[in-house]
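Listed after this line are the structures, all set down as structure tokens.
In what follows, chain A forms one complex with chain B and a second complex with chain C.
Presenting the complex of A and B:
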């Protein structure tokens, strides 16, 4: 047991809150009689300005080395008193707060019992504080530059907000051009605004921003490191071209494969989405019948000009089928109803006399302006049928849609069918998940740090997700998430400012570790790595958030949490129960 | 050129306003957070749990609230309203009227000794009128800052009587009748409006019986009834004190009147089945909906899970709630239509009303100088590509002030507004 410490114990009365329920005189008398304690004082309200001043002066006057405060919940005033310790010149971790208000005074009616319990708690805290170690705040340098993976609308939007004179952005795009799937869209729902102006404006801004380095035809092959200090490898064909959708010209420079090494402080995953492949559901006849189209195929056909059947003739009856693949993927993609309505508008503006029928299950039109779009579309003589168990057959070029509709379950004839497929995670999501050590949900989308309060963060500090990589959403919400990522990065990695690290991290004893790597599997933050040479696990203090998962799982007792060591907890409990 | 002011004004201390404040404060910006009520946390702290992970909402928010109150870069102004905004991006002058709390934030320790002697008792609006409070009060146990306020409209001292019972009960000399309302002038470079929402007044759909039939409740009333820090401490009971054996939840209340789908009511209605089944496993439940709106990657799974708890989930075309022989009856035409309308007897009806703009939105829009859309929500700079900007440079919107949305999307918008502000150089 450590010796020669000068311990001060301070009992707060919290006005009548503790004083009325606990016999403070008896507490002070009992604690004063303990041989290890140097100073015992009581105060009416220790958290008041007067109380804090009293505490500071008493610590200094008595040259104390360990402090115990018996007062309220640590949630309320632990930080307050740690600050007092610091200002009195003592390491704030040489302090222990024991809660005699919520855990004694407020819950025990019998004064004698409450007093006895209070004394036990204080004794336990004294015992514990003797085993405390001085902990120091650490800081690291952070690189403000950002790697953005994916050059769709989310990646472009994030890059534009992030790039500045003192922050460079590397935008990595797998395909030949930036702009993503939105480039294919003629118009945006619900206002039917032309899309090309918007996307080409964004592309132009990115192109003109000298702080954004775009690499098309490029893929990230490795990301190592941690918040503020990542090193990424990028395979690129060094083709710096940006296609202008208006000009439809690609500036080729000659393709030459090359590996780039980029140093960044944060990584943004904006890899977008794929669409559910309707070939997986043969009842829709996609790939079998000529005039059954996917949504993206129809979007492209419309954007290129005319809506025509394979025969070259204009269609007379078009059926739009919602929710294709919804059951299979297990979620509603949020946007299919709306883009299906948009298709009806495309059709009605080009071919006003074509009969358009929607076959849907539930109309998902959330948000302030979407229902109106539905109503306006309906007014254009568009039919809406609630339908289930859809099956499409063909005879002599005529498509027939059989269904169990709820109102008029008659087979429906059409010469063209558009399948509104679900949004699915991008096909290479699993590769990125593995590379970045971020998790995917059971539906394949990347998992956010917290489903409500941290939608664009991941459990890996410094790695962010945005747009449809995080889950199916519309353009507006994708851009919001991209801007949100910028908000998170700009507010945490500031050029010239160091990052303050968690103090109460875990540590793994090299001598005790048997190299079983159990801790690696339970760490949510990727904060532990295996040292192949020494054959032991090592904690990266930059990433560790001190959750203690590794401590609980370690079979050899090698892992411990600073400030929550087994010895500290054991001594505290033993004394409390003595 | 004049140096741009880096301070930021945030109006509304709900989940969106709090997130924006914390991010900006961590980037060393000075933040003025103006909140109309006496507490922080907005509507979310009224919820016992949030869908779809059913996490305790107050526990979820508590660390953020504590962090906010402890952050030295954030100046929280409660009981305060913005009454004037002048200037332009980078150089706004804002006038704030701050009502006196009459309780000193520093001296008060939140022991609540002052409540008991107060002779006044009025309906607690935070609890949707389901319980009473004193004229010196905190809205609910656990509200932060944990410092009561005196409601001068009801306090007898402010009506001329010489009462100072609360002051006498206070051991910390925290009560100060001499505090005065203040008018503050703030200089900021940017403004985020995050004033949240109200819900559609269910009395405007008289066929559902709210306000006339005793055991027809609104969603917020039911939230507070279920809340462990609420008026019944979480006990679900009817007005006569009995435990309900059956409950009906009606979605889409006010959807037709408002002309939009709020996007969250189906989800919170499904959450109510979880609430009911948790406390009363034997209760019979029917959920009535028009379109099941459960968008996003995780919501359908929640719906599937809810279904296993056994509620009847019925699509309706028309619905009304009446009382026959002392019993609540739901008359409805199901979809698909059957020849005869159906009826269902129930002990309790919970209405899921639409989200609508906050009651003060019109006034604030005028003060801040931002147009509202046809529904009264604040209009975006561009609805599809810039939904957190407004037509006024330097002024941003986040959360339900822009339109109905869930917590995740509100937080994303507040982080986005921060992104826009911090990228301005």
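Presenting the complex of A and C:
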């Protein structure tokens, strides 16, 4: 047992919530009789201003060194009471909140049993708090600069918002130009405005922004570090001279290729997408028949001016096939129906007499504007056929689409077919995932930390995902997400302000560690490294999130989690079972 | 009349899902037998096998480990590690001549108050049938 401590126990009535269901007089009487306890008090509502004042004064008056509060869930008021402890001058970790409301008062019908259980919980908390250790807040300096990987619409949008917040942004693009796939689009759904208006404006803004340093023909080759302190290596073969040479070292690596070393506080992954290759599904005849095009090919053909068959003649009947590859990839790509409708509009405005037929399985036209766009498109004499099991054949240049339609299962003739393929993860996503230590889902897209609570963060703190790299989405949603990322970064790293680190991290005893590295393999955050000289594992407290998986895995008992040590938990268990 | 046997269960609940699920059961006023002692841990993967075995040696009639559903772990994949350790631990528990049914792993999410109630109630019923931890008698001798 640790040395003599002065323990105070405070039982909250929580108005009638606890008082009605638990015999608080009996609790106070029983706990008071324990030899280790100095003060036992009850209060009507300890989380109220009056209650907090009472608690603070009582701690100070009695010169207490350990505090137990028996009240509600720690999810509700643990932080509240820790702050009171701090203001009363004792380390906030010399405190234990035991949850007698959710775990006794509200779930145990019999008052006597609820009272007995309450006493048990308080005894366990008293025992645990005796083994608590003082923990101190830790802070580190953070670099406010940002690395953005990918110069598509998402990367550009994130860069612009970050730069407007006075952050230095390094925008790395692997192709020769920024703008991404959107550059190829003539118009945007649903307003059919010229795409160049939007993308050219963004590109110009980025190029003119002195806070953004663009590197085209460049690829990130290594990223090391953690939130606030990343070091990235970038291989670049760009020809243009960098107008303002960065302060970072530029090492010559041959005549054309250079390696840049960039120091940043956060990384944005905006690496976009690829398209499902319809050659994987031979029933569509892509690559076999002349006039079967992918969506991107058709987009390009239209942007170049004329919609023509391979023979050079204008088409008479065009079929647009939706959901190409959807079953194979296992998800709906969210934008194909809309860009397919856009294609119908392209065709009708250039060749009003061409017959356009959509073959779809399910139409995805969500939101406040898309339904109208669909209806307007339909009015332009565009046919919609619900079809399944599509198979395309050709004879004498005439394409025939055989299908099992719900209403109209007749084979359909066309001289041009456009395949609206699924959006797939970028082909080098796995390389990036490995380099950044972030996860890919079953479908290959990068996985957000939590779909609702942390939708643009990843498991690696300081690395964010946006745009189609995170999952298929339209341009508007990509921009929204890019701005969300910028917002996260602007609010989490503030110039001149240090970053507060998780206090309840793991630690590994150098004396006990046998160097087996089991902990290293179970850590999701790359927070443990192996010290080759000392032959022991070491926790990087900046990366550690305090889950304790390493502790659960350690065969030698060298790993322990602060504030959840084996001793603390064991003592709590022992007393709860007594 | 002899008082009915109420098993003593130690429940290691992960902070993010199961503890929150237990809280929800509480705020929903779902009634449960007074058998469970909740021990909050940050992640089900923190549950060191030693902690479980010590609980049995100290007379727990049952030990419950509860964490996030597969795929939902707050720490990405801690619950998968918990599951593997649990599978191994079951056989260790058998070597202590304890019925391995006394050790249970359940997934309870933050929104599953009724499921938490069900898990606790059913586990309690099961332990009532199994009777008190036989080691309790041995160690007290």
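To be clear about the criterion, the second predicted complex is superposed on the first by the 484 of 578 C-alpha atoms of A that agree within 3 Å, B and C clash if a C-alpha of one lies under 4 Å from a C-alpha of the other, contacts with A are read in each partner's own complex, and residues count from 1 in each chain.
Simple rule for what comes next: a residue touches a chain if its C-beta (ideal position, glycine included) is under 8 Å from a C-beta of that chain, and two chains touch if they have at least 3 such contacts.
Because the structure is predicted, anything quoted here is derived from the model rather than measured.
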Winner by number of chain A residues touched, once chain B and chain C are compared: B
Which of chain B and chain C A:576 touches, first, second, both or neither: second
First (chain B), second (chain C), both or neither touched by A:75: both
Partner chain(s) touched by A:564 [first = chain B, second = chain C, both, neither]: second
Touched partner set for A:548, first chain B, second chain C, both or neither: second
Partner chain(s) touched by A:376 [first = chain B, second = chain C, both, neither]: neither
Contacts of A:334 with chain B and chain C, given as first, second, both or neither: first
Contacts on chain A seen with chain B and repeated with chain C across the two complexes: 75
Residue ranges of chain A in contact with chain C within the complex: 73-75, 99, 101-103, 106-110, 113-114, 116-117, 120-121, 124, 439, 450, 459, 504, 522, 524, 545-549, 551-554, 557, 561, 564, 566, 569-570, 572-574, 576-577
Contact set on chain B toward chain A in their complex: 15, 19, 23-24, 26-28, 50, 52-53, 55, 60, 62, 64, 66, 70, 106-107, 109, 111, 113, 171-172, 255, 259-264, 291-301, 335-337, 373, 375, 377, 383-388, 403-405, 407-409, 411-420, 422-423, 425
Residues of chain A defined as touching chain B within the complex: 14-17, 45, 47-49, 75, 79, 157, 160-162, 164-165, 188, 191, 193, 198, 326, 330-334, 362-372, 386, 406-407, 441, 443, 445, 451-456, 471-473, 475-477, 479-488, 490-492, 494
Interface residues, chain C side, partner chain A - complex: 8, 10, 19-20, 22-23, 25-27, 29-32, 34, 36-43, 45-51, 54-55, 58-60, 74-78, 81-82, 85, 117
